[in-house]
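Would you mind keeping the following structure in view while I ask a few things?
We just call them A, B, C and D in the order they show up, numbering each chain from 1.
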Amino acid sequence: MSTVSTNHGEHHHAHHFDSAEAEYEASKFGTWTFLVTEILMFGGLFVGYIIFHQKFPEMFHAGSKFLDWKLGAFNTVVLLISSLTMALSIYYAQHNDKAKTLFNLYVTLICGGIFMVVKYFEYTHKIHMGLLPGALFNPQGAEAEAAFAAYSNLGMYFSFYFTMTGLHGSHVLVGMGLIAWCIVRTHRGEFSSKYWTPLECVGLFWHLVDLIWIYLFPLLYLIG
Amino acid sequence: MSSASSTASHFMPFAATKIAAGVDSLYYFLLVASFISCVLVIGGLIWFAVQYRRKYEGQKTAYISHNTALEFLWSFIPFVIFMVVFVWGWIVYYQLRSMPENGLEVAVTAQKWNWTFTYKNGRKSQGTLTVPIGQDVKLIMTSSDVLHSFYVPAFRNKQDVVPGRYTALWFRAEHEGSYNLFCAEYCGDQHSGMLGKVNVVSREKFDEYLGTEPYKGLTPVEIGQKVYGGACIACHGLTVNDVKPLKLGPTFYMLFGRKESLADGSTVDVDEDYLRESIVNPNAKVVKGYDAGVMPTYAGQLDEDEIMGLIEFIKTVK
Amino acid sequence: MSSGGHDSHIPLKTYFNILVALLILTVVTVAAARVDFGAFNTIIALGIASAKAFLVLGWFMHLKFDDKIYWVMFGTSIFGLVLLYFFSVLDIYTRIMQISPL
Amino acid sequence: MASAPGVNYLNEKSGLWSWLTTLDHKRIGILYMISVMIFFAIGGAFAMLIRYELFAPGSQLVDGATYNRYMTFHGAIMVFMVIIPGIPAFLGNFIMPIMLGAKDVAFPRVNLMSWYCLMIGATVAFISLFYNGVDTGWTFYTPYSITTKNGTTWMVVGAFIIGFSSILTGLNFIATVHKLRAPGMSFWRMPLFVWSLYSTAILQVLATPVLAITLVLLLMERLMLVGIFDPALGGDPVLFQHFFWFYSHPAVYIMILPAMGVVSELIATYSQKTIFGYKAIALSSVGIAAVSFFVWGHHMFVSGQSEVAGVVFSFITMLVGVPTAIKVFNWTATLYKGSVKFDAPLLYALGFLFLFTIGGVTGIILAVVGVDVHFHDTYFVVAHFHYVMVGGTLMAIMGGIFYWFPKMFGRLVHDGMARLSFVLIFAGFNVTFFPQFILGANGMPRRYFDYIPAYESLNKISSIGAWTIGIGFLVGLFVIIHGLLRGEKAGPNPWNSRTLEWQTPSPPPHENFITQPVVTAGPYEYR
């Protein structure tokens, strides 16, 4: 998000800002504005989910039975921890502790990776059972077929499941890319108590990704 | 009220229901109010602009930053007018949408690109809705493909027809006549050809229409001609020139008995069996140069007499 | 920008406490889901999720220590969603039809 | 930092590459100007074809399927690529930072990225032409948009990307207004154009993401039939309309609010008078933006939406009328005891007021739910929104271009020719669209490729008017090119305006001002 032009070592703020302070404030403000758009984009999906959940509660419940809440809970914990380490990395950057900043960023990145790996296993399991969105929905196995027999539009639940987790997963990937970029810049020693704007903005983005998962987990895995 | 609607036929189409006249009264009120406000605003604008045109460079102007009383006034007066027309519009809408309890119910099925009307005694009609004068008629509508909209300007009434659910519309026609029926929600290539008629007839004629066999005393060819006029005419022509792009489907001209080239490269003799198949399962053999999936199936829409009649009719198109 | 030192005054310990609180709430929400509260299932789950969201927003994203305008921005986005939901549902649940299946 | 005399943003660097990689908001504004003008020419060409086809009943030029593609491309191009970016991203980009006394927008790279988003999105949208076009109409209503087999997917992806362009511009403007105002430039000293852009930016940021997710769902629907909007799978096609109009109604105000801002500037400058009711106009912009989120259901009065929702939406729609009326009255009052000079930009502003007033009152007619049942989806609606979008927004764009032309390029346009373009566009516009009110009242539905003979004469008049508009815009283009090549050199402040952008050389230097301006008074202090 940030638009700073950087030199190695000491940071110089962009020409159109009066001060580095003003630039930091503007970048943070812009990031929050961007987060607002993200909330509304995901929110559209949530609204659709809740509307159809109210319309077909039993069907959604039957669909959620096919999700493993243990994996969902595990992923929740992973993302919560990554959120902590993200916050810590900023804390240490502000205290000029490059090593600890790096350590926390790496942990965050690895947590993101673990999240995606778990997601991968969940997805392959669903694909194996033929629990796919809409027209691709083709249940395999007695359990899935029985549920399909009971609820002919069961595919809609998995449409929501894949759309919501897919969009969220793509945000995790983007976030991991941004964190990797922060790691590179930390290695170069660009962040310090004088300048940590990109860390701050990426951090906000990463927390939002966590925030969305906090809602996705109970909606998809628990109450269904 | 009625005098207003008769003098203003230039602005609105003929009003065939009482509610239509009510809609017109509200519309004329709105028109007059709009006209007055336009004259005030635009007139004031032009008058000020001309009156205070620049006479010399560097001319001093008055410094008027605001006037709270005036601004309150010209916020409040429009607000009051808006509320009045809102409530009035609400009343009219309430009348338009309050379904009658004991109306004549007709089922309406829309599909690309025609209307099918089914009466309770099973009588079906394609493209033309016949109703008695002075009776509440309630249409229960659904679509078999995409959104359509049932719109009769003479009734000032319109309702989208949504696939997967029912919507309803009612009217009580007070004047005999034949009124235009339009599809008002965009539905594809022949959207503008999805026309129909609402015939308002006397009670006796309606009973006769409803009670008699639909095709009593007609020859198969005449039956076919009627079916053609309701169901096929939007896409299939009768002359040699009625081909794409004018009509979406092949022409019926000299159709029967000829060899038709199909999209898959094969040919087929156009006989009764092929025609029947093309009516009930139109995508099985698609004519070369035309697209599959354009024509919906008429299985269930037309009964055997009608299909037979249609085939006999096509035989006669030369 | 060090002059403000906006975030530095959240002590490390607080961050860890927040994480513990979040983990406890996760356990609570899983446990709550195993008991059937009927119509309240969704409300309870969303309530706990919102508590967690508040913790993340307030401390990890340090909204609690920031300019109030960020709360306003966040609130606006939620309000927009409530609008979308409210009016869509207003339509869907007031569609009245006296249908005769003929 | 300060530039040498004679060096400005146009000549400081040269070469195509320096333009394509520029971070200067003024250059990006010019990039937008060029692309929007090209898109407008394409969209306009489709409009001419439409009016040619509708000149008489039956097929004049093409068949229904092709006509539907013309109609879709005309709508989609004009909405997504011309009117939405038209004022904010072009005039706003160029003028707003200077009006605030800033050196640039808050995020110059995001600003450039937003232009690339527009261009990429437009390119993707145009790829649909190679896949048998798009025939859904710009509204993409389901289930038609799910089942139709052609390039719709490309168009939807294109609109999605263009949406990001709009979001990024809005984000940038909000941050700029909040963080980059010059010393002394309080909120109550911001010019009204900035206020309107600020309100617009809020709408862009809040509404566009919902469009994005709606389009994502539509794509999923097309690619794998997820069934959320498809009744065959338990979905609800009317819900699509809710989601779509949640964006697209505020989008209507994204289109008109900046135009109102431009008109405020034009009226104040050309009457050399302080604007009447500054705070009322500024707040009404914000008010319109806020209320516009509550009214989308008036696009759905006959869609199968419930009657209760219809009445509620009708009521709230009436409330939007009030701040709009306030603006119109305040502009009129500003002319009172002014010193009005009839230059081309003022003519365009007066044309805006004339046409927008008609568009506004017909909007109220359409908001009255009982009457709208008849007018919905007829040519009455077509005429109404063209009165607002063309009569409003395009008039303001033209006026704005001629007004700020000296600032952008340092040259004056030929005022007589500019006035001629106004006369042609204004006259042609009324000839085109006024008959469409009558057509609509008589029941001619919109998006009709063919019509019953009763509608023929009015359609003929309408088509003739459309071609007059076309000629008018060609004259306008000629005025611009003539001004670029042969225009007289302009001073820094040819119109004797008080806002900040006129207090710097024309064209402005790279960082807009030679010395940082300090604001001590409101923007319209003509005493």
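One rule holds in what follows: contacts are C-beta pairs under 8 Å (C-beta built on N, C-alpha and C of every residue); 3 or more make two chains touch, one makes a residue touch a chain.
Bear in mind the structure is a predicted one, so any value in this text is a computation, not a measurement.
Asks: So which chains count as neighbours of both chain A and chain C?
Replies: Chains that touch both chain A and chain C, as defined above, are D.
Asks: Measuring from the mean of all protein Cα atoms shown, which chain centre lies nearest?
Replies: D
Asks: So using the touch definition from the top, which pair is joined by more C-beta contacts, C-D or A-D?
Replies: Looking at C-D and A-D side by side, A-D shows more C-beta contacts.
Asks: How big is the gap, in whole Å, between where the Cα atoms of chain A centre and where those of chain D centre?
Replies: Taking the mean C-alpha position of each chain, the two centres sit 35 Å apart.
Asks: Roughly how many whole angstrom separate the Cα centroids of chain B and chain C?
Replies: 47
Asks: Which positions in chain D touch two or more other chains at once?
Replies: If we look for residues of chain D contacting two or more partner chains, we find 178, 206, 210, 235-236, 238-239, 243, 304, 307.
Asks: What parts of chain C, by residue number, touch at least two of the other chains?
Replies: 69, 76-77, 80, 84, 88, 92
Asks: If a residue has to touch 2 or more other chains to count, which residues of chain B qualify?
Replies: Within chain B, the residues that touch at least two other chains are 167.
Asks: Show which residues of chain D lie in contact with chain A when the two form their complex.
Replies: Its residues touching chain A are 1, 102-110, 167, 170-172, 174-175, 178-180, 205-206, 208-210, 212-214, 216-217, 220-221, 224-228, 230, 233-236, 239, 243, 511.
Asks: With touch defined as at the start, can you tell me which chain C residues reach chain D in the complex?
Replies: 69, 76-77, 80, 83-84, 87-88, 90-96
Asks: Touching chain B in the complex: which residues of chain D?
Replies: Touching chain B from chain D are residues 59, 62-66, 68, 135-137, 141, 143-144, 147-149, 231-232, 235-238, 271-274, 276-280, 302-304, 307, 310-311, 314-315, 318-319, 321-322, 325-326, 328-333, 335-342, 350, 353-354, 357-358, 361-362, 364-365, 367-374, 376-378, 438, 441-443, 445-452, 526-527.
Asks: Quick one: which bits of chain B touch chain D in the complex? Just the residue numbers, please.
Replies: Going through chain B, the ones touching chain D are 10-13, 22-23, 26-27, 30-31, 33-34, 37-38, 41-42, 44-46, 48-49, 52-55, 59-67, 70-71, 74-75, 78-79, 82-83, 85-86, 88-97, 145-147, 149, 151, 153-154, 156-160, 162-165, 167, 180, 182-193, 195, 244-246, 248, 293.
Asks: Which residues of chain A touch chain D in the complex?
Replies: Those in contact with chain D are residues 1, 3, 14-17, 22, 25-27, 29-30, 33-34, 36-45, 48, 51-52, 55-56, 132-136, 152-153, 155-156, 159-160, 163, 167.
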